[in-house]
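The same chain A turns up in both complexes below, where it pairs with chain B and then with chain C.
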Partner chain A sequence: MNATKLVNHRWLAAVLAAGIAMLGINAPRASGQIVEAKVVATGMACPFCAYGVEKWLGRVHGVTDVTVDLKTDTANLRFAKGASLDAKAIHRAVTKAGFTMGAVTVTAVGFLTEENGSLVLTVRGAKQKFLLTSPENEKALTKLLKEEAAIQVTGKVQARQQGLARLALAHYAVVK
Partner chain B sequence: MVVKTKSNRNVKRFWARAFAGFALAAAGMASGAWEHGGARRGISSADDRGAGFRFVAYWDGANIPGGRFERPIGIAVAPSGDVYITDSRKRVLHLNRRGRFLGGWGREGRGPGDFEIPMGIAVAPDRSVYVSDYELDRVQKFTADGRFLLAFGKSGSGPGEFDAPAGLAVDAAGYVCVADFYNDRTEKFNSVDAFQKVIGKPGRLGEGALHYPTGVSILPGGGLLVADAYNYELQWFTASGQPRGRRGYHLFWLWPRPTSSDGGFNTPTGVAAGSNGGIYVADGGNHRVVMLSPDRKFMAAWKIPNAASGVDSPEQVAASPDGTTVYATDLAANRIIVLKVVDRAGLASTRGKN
Partner chain C sequence: MKKTIPMRNTGSQFFFPILVSFGLATGSLAWAAPITFNTALPVSSGEFLLRGQLKWLRSSDDPTAMNRDLTVWAAPTVLAYGVNERLALFGIVPYLDKHLEVNTPLGRVGRGDAGLGDATFLARYTIWEANKTGATLRLAPFAGLKVPSGDDDAQDALGVLPRPLQLGAGSWDPLFGTIFTWQTFAGEFDSSISYQVNTEADGYRFGDQAEWDLSYQYRLWPGKLGAGVPGFLYAVLESNLLWAWQDRASGQNVPDTGGTTWYLAPGLQYVTKRYVLETAIQLPVVQTLNGNALRNDFILTAGFRVNF
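Right, the complex of A and B next:
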């Protein structure tokens, strides 16, 4: 192989790598993902317990990072790309750490769909769906549903309904 | 000729005190120490009992190359008087008795010598250093300057296994005792990692029953003292593991309850037995360091001024080999508390059961 051909191959490889990287950057927007979750573990004041919460939540499948804020009784979870939110596993982890689990607030990016007349956030990347409950935002969300826009939502996880986790929407934003 | 009058004796006394105060302050500043609210704390309120604490300094670790203390939690004093500390920067710090940085080691990881959550720390009579790892469920042994020697323990609840090992202590013969937090027990190993026995059992009621123990200390006679954090009490054991009493508040003499009174504790997470027989307790929920006599009587307490609400501190406590200084980790404020033990025949006059 002569030198010119080697240089050409290097250019080709660089262009391909850049393309793959760009696809990667767009992946969360295209398929959605669970961004983070805030889990309240009530009564967490002792650092040994906080480290216990950190330890057990860190072992929940898909969780990549846990930070605990003792002052707010909250554990902040970050998720791997493609990981889903396993509320039962989170509950088990908090209980194992010796606490009663309070509210779980999740932030996720996904697309709006309609199922059985209800608005649903579909996080394709995580193969997970959330039934959105937000009467005051229904008109705006219905508009976004028609536009097929990707949105980032934050809301409290509630008891399951129609086989889906319900999310009481607190905040949403269109992902550009 | 100088005539000694009362007034010039007073002047001399004044200058002597001023010089002593200046020297103390200079020593504190040289060690990176600082003081809360700009004022030194006096002797704790219980000094009428003959013993108490005098606040010396806070160390914030300003002189440490890798950065100040960040959530310090484990603390131990070597036979030489040097102080070892673990903090959330995944490291062990080695300081002299004035807080001057002497060395340190550690990095995040799961390999030999690495840490995920370094928690308890203890120094053996041969100067080797043991560190428990809360996340990795193991204890590692190092030389005094941080060379990795060995590790023992794995996740589980069987003999020799751990579920969040917390405080640890080494006795005169080199046996290592570890508070096994989520297994509600302590475990004893020899100096070459061989499991010896389980001390204590899970439970809420009665002697020997432990509920989330976090700290251990070896008594001068060789017995074991356990900070049984969520039974809100201290428990005494013989060297062979037989229960020998407890101290804390118990509702109807039965059910352990937290209290802010002198009769008990609110989440005592650390304990240290001094060579003078005094027992020092990190009573985190009450934000205080408590001093008990060898016969387990309340002697004094030093409370953290303006303690951060919502976070229990101090966490762990250690006593100098001569029993005159007590060090405590204050995780909530990222600092070490240094207290002098004031003992006007207070501890020495009490008869010990230890």
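Right, the complex of A and C next:
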């Protein structure tokens, strides 16, 4: 009898643990997050140059990992959970390293909302919003807005508008 | 009537303009090095760059009866710091070991000294740059001062060493110049022009020095650029054109000093994100030196750079 109870408790504990784990896995998806950013630092032309770029970008708040691809003059940034994308700090870092800031392409998971008639990607986990500019995808995105689906978007960061960073959408996918 | 110039001041029995004009005595090798124009490389804001080199200089082709044979080992250490993205400061301190074998009425004798040479401090400011994918062009004037940190009154059993055998010049010498860099994935081209105004110390003044250095680095490996940051192996060919004006002592030109030298320096350089390994040999193509100045055979250089 006691042995049966113990087995039942173990099952219950395992189910609870699995449930908690699933909640944990879904947490970033549910709240959204900045996944990565590709930063073009023009002028990097030798391995020695890459070190400064990695060092300075690695100091930007929320950045956990930086890898440089010389061939494309690009630095790939990974972010901590809950970290936001600070485009100004990234610009400062590239300049301090001695190079010229190019395009910043960000990949983020979030939810679509509508603000002042514009589509906005809200990354709750990072407390950050991006104004989406993608005329060709407007219909499909409006549909997703109604479905309240989580989506992963990739796009180039552009000048701010209505107090928000604009994102020229290059690619998106529904997060299931 | 010609003035008699004390031997201590002239060093005219030894005549090593190459030592002076090429900066072995001054530590300015870091700027005119036949390999690694580190002043052309970007030193990021807040970043340090350390360069260590070992140089072996031989001068043995003496047409005179003195049959002079000079060996110099030089180990200049360069520390650079990026104050901001445009301004970089450099400190250069050489360790020198100079040894001369020479025929004298007393027989063949060896003379020389070893220790720290004159330190040089420089500031470089990038006034113009143009960056595009995989390429950068930069123009940066620099100015600095060579300070008399090396011993300039060393003696041996024969008396005070001649000036060119001393580790330091004893003078405070300003220098200035400009460096231009064009770097691409395939290679790098640098051109540096500098001028050092040598001042008088203890009645002796080394001739001013001007240098024009060119460097071309061609990426040998990897042949095709892959992902990430691979190490680069460069074949290097550099040119060093040096002018040294005649030394002055007691108001007179010192004979057998000054002249023009042109070196070509083939070399190899391996560059990674954090460090650089390099070697080159400078071979004199032209040595138009005054009088019986001792001609240089070669200068062999091996070194490393690391940034942190």
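Just so we're on the same page, the second predicted complex is superposed on the first by the 156 of 176 C-alpha atoms of A that agree within 3 Å, B and C clash if a C-alpha of one lies under 4 Å from a C-alpha of the other, contacts with A are read in each partner's own complex, and residues count from 1 in each chain.
Here is the rule we go by: contacts are C-beta pairs under 8 Å (C-beta built on N, C-alpha and C of every residue); 3 or more make two chains touch, one makes a residue touch a chain.
These figures come from a predicted structure and were not determined experimentally.
Once chain A is used to superpose the two complexes, chain B occupies space that clashes with chain C. Shared-chain residue A:Thr42: touches chain C; no touch with chain B. In the superposition on chain A, A:Ala89 makes contact with neither chain B nor chain C.
Using the contact criterion defined above for the overlaid structures, shared-chain residue A:Val68 touches chain C, although it does not reach chain B.
In the superposition on chain A, contact of A:Gly98 is made with both chain B and chain C.
Of the two partner chains, neither chain B nor chain C is touched by A:Leu145. Counting the residues of chain A touched by each of chain B and chain C gives the higher count for C. After overlaying the two complexes on the shared chain, residue contacts for A:Gly52 are found with chain B and with chain C alike. Annotation: chain C segment clashing with chain B after superposition, chosen from 37-45, 163-171, 199-207 or 253-261, is 37-45.
For the contact definition in use here, the residues of chain A common to its chain B contact set and its chain C contact set are 45-49, 51-52, 54-55, 70-71, 73, 96, 98.
If you check the complex, the residues on chain A that touch chain B are 45-49, 51-52, 54-55, 58, 70-71, 73, 96, 98. Residues of chain A that touch chain C in their complex: 40, 42-56, 67-73, 95-100, 102. By the touch rule above, chain B contacts chain A in their complex via residues 71, 73, 117, 119, 134-135, 164, 166, 181-182, 212, 214, 229-230, 267, 269, 284-285, 308-313, 315, 331-332. Within the complex formed with chain A, the residues of chain C that make contact are 41-47, 82, 84-85, 126, 129, 131-136, 183-185, 188, 225-232, 271-274, 276, 305, 307.
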